[in-house]
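Letters A, B, C and D name the chains as they come in the text, with residue numbers starting at 1 for each one.
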Amino acid sequence: MLSALLVAFGVALVAPWLTVRLGRSAGWALALLPAGLTAYFLSLGPGIAAGEPLVQRVSWVPQLGVELAFRVDGLSLLFGLLIAGIGTFVAIYAGGYLAGDRQMPRFYLLLFAFMAAMLGVVTSDDLILLFVFWELTSITSFFLIGYKHESEESRANALQGLFVTAGGGLAMLAGFVLLGSMAGTYRISELLASPALLVEHPAYPVALALVALGAFTKSAQWPFHFWLPNAMAAPTPVSSYLHSATMVKAGVYLLARLAPGLGGTPEWFWLLTLVGGATVLAATGLTLLQRDSKRLLAYSTIVALGTMVLLIGVGTDAAIKAMVVFLFAHALYKAPLFMAAGSVDHEAGTRDVTRLAGLGRSMPWTWLAAGLAGISAAGLPPMLGFIGKELAYEGLLGAPWLLAVMIVAGAVLLLVSAMVAWAPFAGRSVRAPKAPHEAPLSMLVGPLALAALGLTFGLAPGLVQDGLMRPAAAAVLGAPYAFDLYLWHGLTLALGLSLLTISLGVVLAATWRRWQPALRSRLGGVRVGPVAVYEGGWRWLLRFAEVQTRIVQPDDLRQQLTTIVAFTVALTGGVALWRGGLESMVWAPSGAYLHEFLYFSVILLATATVVRSHSRLVVITSLGVVGFGVAFVFVLFAAPDLAITQFLVDTLVVIIAALVLIRLPSSALRAEGGRDTRWLSGAIAIAGGALITGLLLAVTSLPFDGSLTHFFEANSYPAARGRNIVNVILVDFRAVDTLAEVVVLAVAAGGVGALLRRRLRRGDADGERRAPEGGRR
Amino acid sequence: MEAYLAVVVGAVFAGGFYLVMRRNLLRFVFGLILLSSGVNLLVFTAGRISRGAPPIIPEGASAPVGEVANALPQALILTAIVIGFGLTVFAMVLLLRLYERLGTLRTDQLKAYLEAPQPVPGLPDEEAPA
Amino acid sequence: MNALLVAPVVWPLATAALLVLLQGRLSIQRTLSTASAAAQLALAVILLARVATEGILVVQFGGWDAPFGISFVADHLAAVMVLVNGIMGTAVAVYALRDLDADRERLGYHPMFHVLLAGVNGAFLTGDLFNLYVWFELLLIASFVLLTLGNRREQLEGGIKYVAANLVASMLLLTGIGLLYGATGTLNMADLALKLPLVPAGLATTLAMLFLVAFGIKAAIFPLFFWLPASYHTPPVAISALFGGMLTKVGVYALLRGFTLLFVADVALTHGLLAWIAGITMVVGVLGAASQTEFRKILSFHIVSQIGYMVMGLAFFTPLGIGGAVFYMVHNIFAKANLFLIAGIARWYGGSFELKKLGGLYRHRPLLAVLFVIAAFSLAGFPPLSGFWAKLVVIRAGFEVQAWPLVAVALFVGLLTLYSMTKIWLAAFWSPLPEGVTLRAGPAPALLYAPVVALALLTLAMGFASAPFFALAERIGAELTDPTGYVLAVLGEAAAAAFVAQGVAP
Amino acid sequence: MKSLILRTTTRPIIVVLLLISVFLLLRGHDLPGGGFIGGLVAAAAAALYAIAFGADAAARLLRVRPELLVGWGMATAVVAGLLGMVAGREFLTGLWWVIAVGDQEIKLSTPLLFDVGVYLVVVGVVLRFVLSLEER
């Protein structure tokens, strides 16, 4: 499995190059990749049908317990075949659809990268690995929806799709990590083997909700459904592939995959059936407003996805059987419908079904494909879609309210078929934006083949019953389940309901041209519900972001520095009070000589002068006095080196400060202005000073450990041959400090030199070298 | 003895903190100079004060005789003084240039003057064309 | 072996001295500067290899045993950070060959650059608290000069904010060190780890707050970060990239070191506080980014946000959390610096950092688009890029300690990160070129692309082959949560045993 | 500032200060002094000269650009550290050579060399500060 994926990703990487090299036949040639993968999955079929899934494990990130673990069972096989098989036709179709498009090379890269990722999703046996592929599908979907990136709408829609799915993805990731910690493993098969560990865990509802969020967003369930119709901004091959047949089913896949482990509880039942049912209802309603063929199909896809989710929620054998068949049938009819709609758009120039009619004459083959698929979509015999719908009704017999929802939805799906597969083709020709003609062969193969498969499997469901449908259902149920599929299974209640659905649908289909315009004009412009919440939420968040940024990032440096000092004082002081940080403090003033007090008071007075004076001369002089005062303290307490250094440095600082101040106007120090903040600053400053005093007292009240100094005293002369211990520390014991310190000085000098240098030549200071020899720009 | 010094240190810190929180950048730099004096004294005090002899080993002895001052904080402070000197000078020159190029030293005007600079008259225009 | 441990500092310092003496000879300076950065990278690789095989390496400068002299200690964390610094140094040195103007080179860019590298390495390697202060000052002053090099108005205005905040931080750091020395009588960090338990816990925790603030300003955590978004977008791109990638992480490193080795007397308080700070930092930074419209300003606010993730890992104070924080940090250095470099190339083509004035890069410059996507989506945490694993680990660590709200915040912030990354993507890459803007013809110089490609490959490697990186992160997590090995390596068995005998277990 | 008195008194003062600075540098290992203090004194002398006679005159007198003093100083300090390693010891390990000149002993050592480096850097740096500001 791993090598198959690697091949797929590898081909994706070289696809742009191949596309350029192959030219017009690129689509046909590139389709060999998915065709090969289809054959590969087919070859796995017999083994899997016999109950032996393909298992592979390769070490990846053992520290996190993440493995490249793959397990291909019936469910994976069904999805794998759909992904690779439909992928084959999409690749061919895209070759025709995008012929001559500048971006075609990138398109195939993204398409195949998506396909490989999607195959990864459905074959991973490791939650994290699954997530990796899952997000890859979201990213490729993002780039594909934004394919026409120079249109603002495309960009916005791409972004919406990404946010909704990535947001759900994040919740899902949390859910996965939670599941992993509940079960002690990320291996899906092991997780499912011990459901009791999961469903009986107190965090089960949380994990379920988080995982479901991921599945619901991806599968466009209400209230996250709105991104899918907007994703129709993507080119049609993408819509038919990602946004109907495969990617949007990833959520369904995930729920089905985890059903044996997480399912069977009331929470599971209610969550899935309510959300699925709401999705079906909402999408059904919204479908009635559409007349763009791709949007019609998008909403009907949401109806189908909701149906699958609620069937999984019901979870009975019959429901799961119905889900599997319905899923298969849906992929087989929805993809060709999209392709046909795309062909019509491509050849006739519009997707508005009210502006099209009579295309059947110029596009007979397209009509054939659309018609067959449409019959299946409408749930009419003899197609596979009919079987799927009948089974769904049977599966929901125990839940009448869901059944009612489904009948309404079924009728609307028939309407969609009529609007997309009948209306544009039948009747007299009207003037289309472009003179219509039949689509090229590459754009016919896919829809025809897929629609034909829908017919074949409808007529002979036995072809897929044992090899595909049973193993898939067994995987979802977690136990083997033998059932048979018939096109005709007698006069049942389901058949009766089908007839009801059909007659309702026919009425709708016959009358839609009459009621739809009124409905659209009444409701078309209303933006309510989830999409309004989503957009409003973003607007609110961005507004909030601006406001908060103005608050936390004001332009005024003073406010920022005040924040820093205040935070320091509050934090340190707060902890000191709360945790008794000053408890060791002892106020034990020992005798000081009068002249010592003199020096102290000189320092204090000079400090006060620096703070209060607005005269340059006075302030500089006072700063000098503070420095000299400190130097005298060093003299008093036996630090001659320090005293000399302090004197010298202090003098130099005063000289340099004078040299700087000369170049500033005499009013420079007076420039204050603005709101008076002296009291606030003063209060913070005094608190800060008091805190420092307190801390210093607390520290000096502790006994002192002089072992370092004793070592220096003992070794300074014997070992380092110096009598001035301070100097020996500087040049020997702690010479590294001095080395770095010297460099600090050196850099400061270089910096001062650089700052004071005026610009040398024009045009050099803006970050770009404009060397004469380069002549760039 | 440390007690008195602790009060002095606290006062110098308070003065430094206050000036750091002013609108005038010159006063900010003066605040920094005060703070570094305060920190130097703080380190000195934290290493305990001695009225004894300087930490110098007399001729003929191999270790200090009698009570000597703690040498380590002195070495640390010496380093800190020199580093502080370099940083202070850099900061002052930065202010000078800021004033020459923008025309203000007030923190609340910096942004506005960046958009509409009012450089000191008589100095050449140094801004490169963007 | 000892030379290897000294080299990360002495080599660039010697280079800087030589570059000063070669002043004015720009072509020789360029060659020497780049070659020296590359050589330093090679030395760092060897250093990490040695640490990985031989365990923690220690040098006692001047031959004076710890705690009396100054020790350099290369545990896994320090060695990894030195290596990352070597990678960043080389990448930026190459990029600067084309990005930096001759005028700035004449003003001393090259020696300053190497001093900065030396300062960063010194801060990573030193085992002495005061020495850490000195290296901090060294890298600070070098960064001051680099930030204002060229004297553009924006640089001076941003520079004063950067300088002001960092000088205050230095004062607070020195205050903390002085008080800590007064309380314990020692400066060696291993020795401090042994002697701090003798200090009353309340006092030790209070002093820890000073370090939290001082390191926190340098790391740009809430509410101390304002200087970063105010300045990082002003210097030339190469310098922005080095700052944005490397420099704030020195503060994070210091927090990691300080709050695992030294300040663990009251973990409930200190690390609980860190958790709060981490959460707020993440949110505030990402919202700040969301409100920006300039390429480098968005990136700058994001730095703040992502610092929050790293602090979050530290706050959990488990091997997984700390290993995750380190993995996050390394990933972020590469991805973030790369985005700055990419911004530079985008400007090279489009002539602006303003998103409104950019466009068309996806259509016309697909290679740049791919490189941006790798870095940006990694930053946003998309699998299987490095950022995904980084996020996954910190989230898992959060689950382990049941820090649900913080995990939820981290996940939500991930979505907002995606928002601003796609904002750049939409504006600069997908949008058509705005009226009146043309892209510069011809491909950007290979010297600009080369480091970007290299960093992108690293991001991919950390994503696709993350196992060896995690193996390192795991060891770092273990080393930091149990510093016994560190203390023994620095002080020797005998000295440490003496303290154990006193009943003070390391 | 360029008063006559200042000019006439400056020259002898400078000579004395420079001598003192070297003296302070050399005795630093045993008595208060050392590279910093010596360098600061020398720099103060040069600064005095620059203030008295102007930056250009000071630069002419100096003959070497301050940057080069800084560069050589840094190089000297680094080399002093490296000598220890060349001798197979740790970086910055002190090495000592005692030379007997008559009855006087002259102690040469790497810490002294290191201090000379410090001295040079300090002189160069302070000169750069003062000259840059004076030049304008």
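Everything below uses one rule, namely that contacts are C-beta pairs under 8 Å (C-beta built on N, C-alpha and C of every residue); 3 or more make two chains touch, one makes a residue touch a chain.
Note that this is a predicted model, so its numbers are computed, not measured.
More C-beta pairs touch across one of A-C and A-D than the other; that pair is A-C. Relative to the centroid of every protein C-alpha atom shown, the closest chain centre, again from C-alpha atoms, is found for C. Distances between chain centres, each the mean of the C-alpha atoms, put D farthest from chain A.
Separation between the centroids of chain A and chain C, computed from CA atoms only, is 26 Å. Averaging Cα coordinates per chain places chain A and chain D 61 Å apart.
Inter-chain centre distance (chain B to chain C, centres taken as mean C-alpha positions): 27 Å.
Taking each chain's centre as the average of its CA atoms, chain A and chain B sit 48 Å apart.
Among all residues of chain D, those that touch two or more other chains are 30-32, 36, 67, 70, 74, 78, 81, 92, 94, 122, 125, 129, 132-133. Along chain B, residues 16, 20, 25, 28, 42, 45-46, 48, 54, 56, 72, 76, 78-79, 82-83, 86-87, 89-90, 93-95, 97, 110-111, 126-128 each make contact with two or more other chains.
Shared interface positions of chain C, defined as residues touching 2 or more other chains, are 13, 16, 20, 61-62, 130, 134, 137, 141, 144-145, 148, 151-152, 160, 164, 168, 175, 179, 182-183. Those residues of chain D that touch chain C in the complex are listed here as 67-68, 70-72, 74-75, 78, 81-82, 84-85, 89-94. Of all residues in chain B, only 54, 56, 78, 82, 86, 89, 93 touch chain D in the complex they form. Contacts from chain A toward chain D in the complex involve residues 640-641, 644-645, 648-649, 651-652, 655-656, 659-660, 663, 720-724, 726-728, 730-732, 735-736, 738-739, 742-743, 745-746, 748-750, 752-753, 756. Chain contact summary for the complex, chain C toward chain B: residues 130, 134, 137, 140-141, 144-145, 148, 151-154, 156-157, 159-160, 163-164, 167-168, 170-171, 174-175, 177-179, 181-183. On the chain B side of its complex with chain C, the touching residues are 16, 20, 25, 28, 32, 35-36, 39, 42-43, 45-48, 72-73, 76, 79-80, 83, 86-87, 90-91, 94-95, 97-98, 101-102, 110-111, 114, 117, 126-128.
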